[in-house]
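Next, two complexes with chain A in common: one pairs it with chain B, the other with chain C.
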Partner chain A sequence: MSAQVSKLILMAGLIIVVAVLVLTRRIWGTALTHGLPSIWRIAKMTVAEARRKRVLQAVVVLVILILTSLTFFTYLNPEEQARMIIDSGLTTIAAFGMLLAIFIAAFMIPHEIEARTLYPILAKPVRRAEFLLGKYLGALIILGVVVAIMTVVLVGVLLLQDSMVEDLANSKFDPNLLPVLFAAAMSYCALAVLTALIMLISSVASTTMTVIGAVLLWVVGSMQSMLLDLSTKVTGATKVLTLAFFYAVPPLQNFDFRMEVSNHIGVSMPAAVFALERGLLYAIVALVVAAIFFDSRQV
Partner chain B sequence: MRHRRRNFGFVVLFALGMLLVQAPLQDAVNRARPRVFDPSRRDPLQSIASIRGPTPVLIAALGGFRTVAADLLWLKVDQLWDGGAWYLLPSVMESVVQLDPHFLLGWEVYGWHLAYNLNTESVLEVDKRSWLDQGLQVLERAVTLNPDSWQMAFELGWTCFDRAHDMPRAAEYLYRASKLPDARSFAARLYYKTYERTLNFEKLWPALEYAQSRYKDEPQHQKLVKSSIEWWKTHQFDPQWHRYEIVRENSARQQRAVRFYLYPGNPYWNVCDRCGLPTKKGQPTCGACGKPFPPTSPKPV
Partner chain C sequence: METVLQIDGLTKIYHSLFTPAGVKAVDNLTLAIRPGETYSMVGPNGSGKTTTLKMVLGLIFPTSGTISIFGKDISDLSVRERIGFLPEDAYLYDVFTGEELLDFYAGLFGYPRKRRKALVDELLTLVGMQANRKVPFRECSKGMRQRLALAQALVNDPEVLILDEPTSGLDPAGRHQMTRLILELKRRGKTILLCSHFLAEVEEVCDRVGILYRGALVGEGTLAELAGEPTETVVATAGLESAAAARIAQMPQVLNVEDGAVRLSKATGDQLWSVLQAVHDGGGRILEVAKPRLSLQEVFVRTIGEVQE
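Now for the complex of A and B:
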């Protein structure tokens, strides 16, 4: 895409977005301007509910066990050990984070509707968009705590191994701590985008459909580069469709820096900034659309 | 009903608008991360259709776990290595580097295994040549996919220098390696060594000067380069040294040529047990020294 076309597309998109945001300001505007206390209360309630779930605690314990078991690769040379621990550790954080995001977010709204606990909340001066944002914020807090715990354990494992492994002349154990922290933070951002999408699906679909949809979105979102490859191998309408699909899928691979970190390649900060910008926009789209859908849903 | 239809219209418009806003942002991400999002920087073999791993590996690759799948296969490589299954290793290593084309150690071991281990293990000279060529091809792919890595360029340069004895090509890659960031000083030293071996003084002096201009803060490097310069100042026009180098290079070349014919049961050539040189089968005497071959089918040396 040339720079001129890019600018034109950006301008056209901005005009449409601003117009729609102005026209639907009554739905989301009050939620943001006057509903912050309600949003925060619902978020706290969501966190309290999640803390009581045994599954969440069990998953955290399981992840800690997996991460500590990464110290077993002692028969490899130091360089290979570092790569295995960093790569497997970050993948464990990403995979279990995704499972927890689905587990937490997919059940929130449908469960509230099925258990009829939503009605007393909506009977109070709480708008539906505020309820949705509160639930999202609560899910983000829970995921943040869980990802932070997993990252701390991974860093601990890396430091422990660093002190135990003896470096060889041509093979050194490099824990690469700062990039590991960065990659874990980016994984959390990917989870934030995925959670927003799960909220969108759960605002219109049942729990089962939400779980299936979330897994599909995660898989497709992790295949962005593959779609781009595919678009170079086809022509005509198929190419246009493939490219449109590439730009439409959730940008989850943008946040995946595992390859760079485990191979000790420098991380591109502009790429991270652009990924964050796009992720933020994507999450906002998902939440606004979810708010509009949830507002018109009959419960 | 009208309310819902209007809302749906807003949703569609909003999603379209955001999609348009996001496309240029994604282009910016693509430009900033060419290793992941630039199809021209990717191995053509790297597409999911051509990964030669087992089904779980394909599934892992589809789910965004390419590097972990590569790690698991690398553990398999370790297991096969310890079990001595050297000829099974290339296919597993190929899967590893296709899954993670930036796994430098994987490329390095893969190329080295083909160009050194399997090359040495082979009996037929044609097989030896084939493994060496495959090793060089693997390392070339590694250099193409990792153009910023000095290790890959050095590994290819070293294999050309030490194994293929292809000095011009070795010089090209060693020079490239020495120019890349974080390159170690031995890359620059090995670069001028390629010209020393071929007595190419036209290029040797600039290469020595180049090596001297690099790594000013490494006294050991400066000392080694200086001693090379002093040596060649003394020996550049020394015919005895030239003869020594030429004989060494020619005898190495002759040895390689002779080895080509030396394998058990060669149906085309007889090897003379006096001069060691080959003659086509059917000739009664050695074409080089004239010694008659025994009347029965001779056993190669």
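Now for the complex of A and C:
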């Protein structure tokens, strides 16, 4: 039932996306032909600005320390050790990635408006949609680099432990590298979806409201199965509200493959593809709606 | 007459929970700026100057009325390729250096790297920031920031410059430098729309002035038009005896005699001649006879006073 409803939602969503893209073709058409260099310039500026912020550097160092500290759990047997490092490592990547996504994306547009750094840019031949997309692309690049650094450190830790730990007859240290890389990549895709939704909130809200909205998105998005369970146990308006949350918020937990990878269970590719399709749909709708809202926002 | 910027019946009303009826920030404003002209909007705080500029730039949207630049709406990208904007405070990214900032803003016009490099050099020289080109913006003084902000407004060699309080927060030397720069841009034929609180500088650079009060245009014209014909005559004297000064002060049309200066209002030639004769007879020397025009400051105070009455 749930899978069928989800497919219907997916289909309806795709139709809405196509309709919105057609209706807003003037904005997007220009953005794609005229605006790509502007989008890229704004993205590059966003990345360069973030690189010089000490907070980001401090977070990356902290995450590296946390990941390298995973090598201290030597009292476990090799198999348990590998499971623990992979699970903790991927959890660290997902959690810090989400925190960074919220930190970066929630402040991006509202801060530009509050600091008025937006004014000189919008006085130049740059459409608001281009500015928004440039900021989004910049956020994706920053998050991509950070996730890549964290993943490389985790892989390094796994390889180091693999070379140091002596396998036992009934317990082997398996770094399970390819699935680990896959799980990290899926975590990054979840961040991309979350960031797009945060951009949507920030296109109409202040910094504080965006941060609150972003945290809610993360929490609700990570508890989608609980919401679905809850919807079967309640009735009336509560059921409608629960289902509304279930369908409005992207199922971020669909991108979570930690359990499968750390327990060496095969990853379901259809599940991953479904998660990516739905995620892409949410991200596109969020960005299109954000561009429409931001285009009419008084700054 | 040909106009570069045309504003017709512009009104902006802000609504909020506490003011459901709305607050009128700009009230049916109509004005036109001609090519090569330097036009200044002056007015007390809250008179709608910055709100008007923000609507001109498309940052906020009018409740009613129209704005056109070169006959087109500001949302047209070709218009924004021909304008430059200096915001009230230098709202630029503070982690970057002057040359990085200018390179970024020039890049938004799609200029290739070689052209951007030459442009950055040229602009840094124009605003006197060549020596400080690698200083991060957050470490720049207020004057340096303002000059960089002006440079970013000039990256596209705009035909129209919109300057919001360009000398705000600057020390006297900084204000003088900025005024020189604006005069240089005016000499180069730029059309300039300027908002400022410093009326002496406005007087120095502007061709026409619009006086805004509570969002409405309450006076507009050249300073000579706004000030009208001078009605006072001032006779500057030296060595005038005090008894003679007291006698002169009682003469027809004489307003007062202070610090050796005799001020007359609407005096005829004969009345002025009598005063000059009395100065001579009172042992004084005549240094200058002048009919001073009202300053912009005086015109401004008079106009606002009339509206308030």
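Note that in this section the second predicted complex is superposed on the first by the 267 of 299 C-alpha atoms of A that agree within 3 Å, B and C clash if a C-alpha of one lies under 4 Å from a C-alpha of the other, contacts with A are read in each partner's own complex, and residues count from 1 in each chain.
Everything below uses one rule, namely that contacts are C-beta pairs under 8 Å (C-beta built on N, C-alpha and C of every residue); 3 or more make two chains touch, one makes a residue touch a chain.
Since this is a predicted model, take the numbers as computed values, not measurements.
Visitor: After the match on chain A, would you call chain B and chain C a fit or a clash?
Guide: fit
Visitor: For A:Val20, decide between first (touching chain B), second (touching chain C), both and neither.
Guide: A:Val20 sits against chain B, while chain C stays out of touch.
Visitor: Of the two partner chains, chain B (first) and chain C (second), which one does A:Val204 touch, if any: first, second, both, or neither?
Guide: neither
Visitor: Could you look at A:Met223 and tell me whether it touches chain B, chain C, both or neither (first, second, both, neither)?
Guide: Only chain B; A:Met223 stays clear of chain C.
Visitor: For A:Ser296, decide between first (touching chain B), second (touching chain C), both and neither.
Guide: both
Visitor: So in the superposed three-chain picture, is A:Tyr282 touching just chain B, just chain C, both, or none of them (first/second/both/neither)?
Guide: A:Tyr282 sits against chain B, while chain C stays out of touch.
Visitor: Check the residue A:Pro37 against both partner chains and state whether it touches chain B (first), chain C (second), both, or neither.
Guide: A:Pro37 sits against chain C, while chain B stays out of touch.
Visitor: Which of the two partners, first being chain B and second being chain C, lies in contact with A:Lys124: first, second, both, or neither?
Guide: second
Visitor: Taking C-alpha centres, what angle do chain B and chain C open up at chain A, rounded to the nearest 10 degrees?
Guide: 160
Visitor: In the overlay, answer first, second, both or neither for which of chain B and chain C A:Ala248 touches.
Guide: So A:Ala248 only meets chain B here.
Visitor: By residue count, which of the two partners contacts chain A more extensively, chain B or chain C?
Guide: Partner with more touched residues of chain A: B.
Visitor: Of the two partner chains, chain B (first) and chain C (second), which one does A:Leu76 touch, if any: first, second, both, or neither?
Guide: A:Leu76 contacts chain B only, not chain C.
Visitor: Between chain B and chain C, what is the shortest CA distance in the superposition, whole Å?
Guide: Checking C-alpha atoms only, chain B sits 8 Å from chain C at its nearest point.
Visitor: In the superposed arrangement, what residues of chain A touch both chain B and chain C?
Guide: On chain A, the residues that contact chain B in one structure and chain C in the other are 296.
Visitor: Any idea which chain A residues touch chain C in the complex?
Guide: Those in contact with chain C are residues 30, 34, 37-38, 41, 45, 48-49, 52-53, 115-127, 296, 298-299.
Visitor: Which of the residues in chain C come into contact with chain A in the complex?
Guide: 57-61, 77-78, 80-81, 83-85, 87, 89, 91-93, 95-96, 100, 104-105, 107-110, 149, 152-153, 156, 162
Visitor: Which residues of chain A touch chain B in their complex?
Guide: 1, 6-7, 9-10, 12-17, 19-21, 23-24, 75-76, 79-80, 83-84, 87-88, 91, 94-95, 218-219, 222-226, 228-229, 232, 246-248, 251-254, 256, 258-260, 262-263, 265, 268, 270-271, 274-275, 277-278, 281-282, 284-285, 288-289, 292-293, 295-296
Visitor: What residues of chain B sit close enough to touch chain A in their complex?
Guide: So the residues of chain B touching chain A come out as 3-4, 7, 10-11, 13-30, 32-33, 35-37, 39, 42, 47-48, 62-68, 71, 74-75, 78, 100, 102-105, 148.
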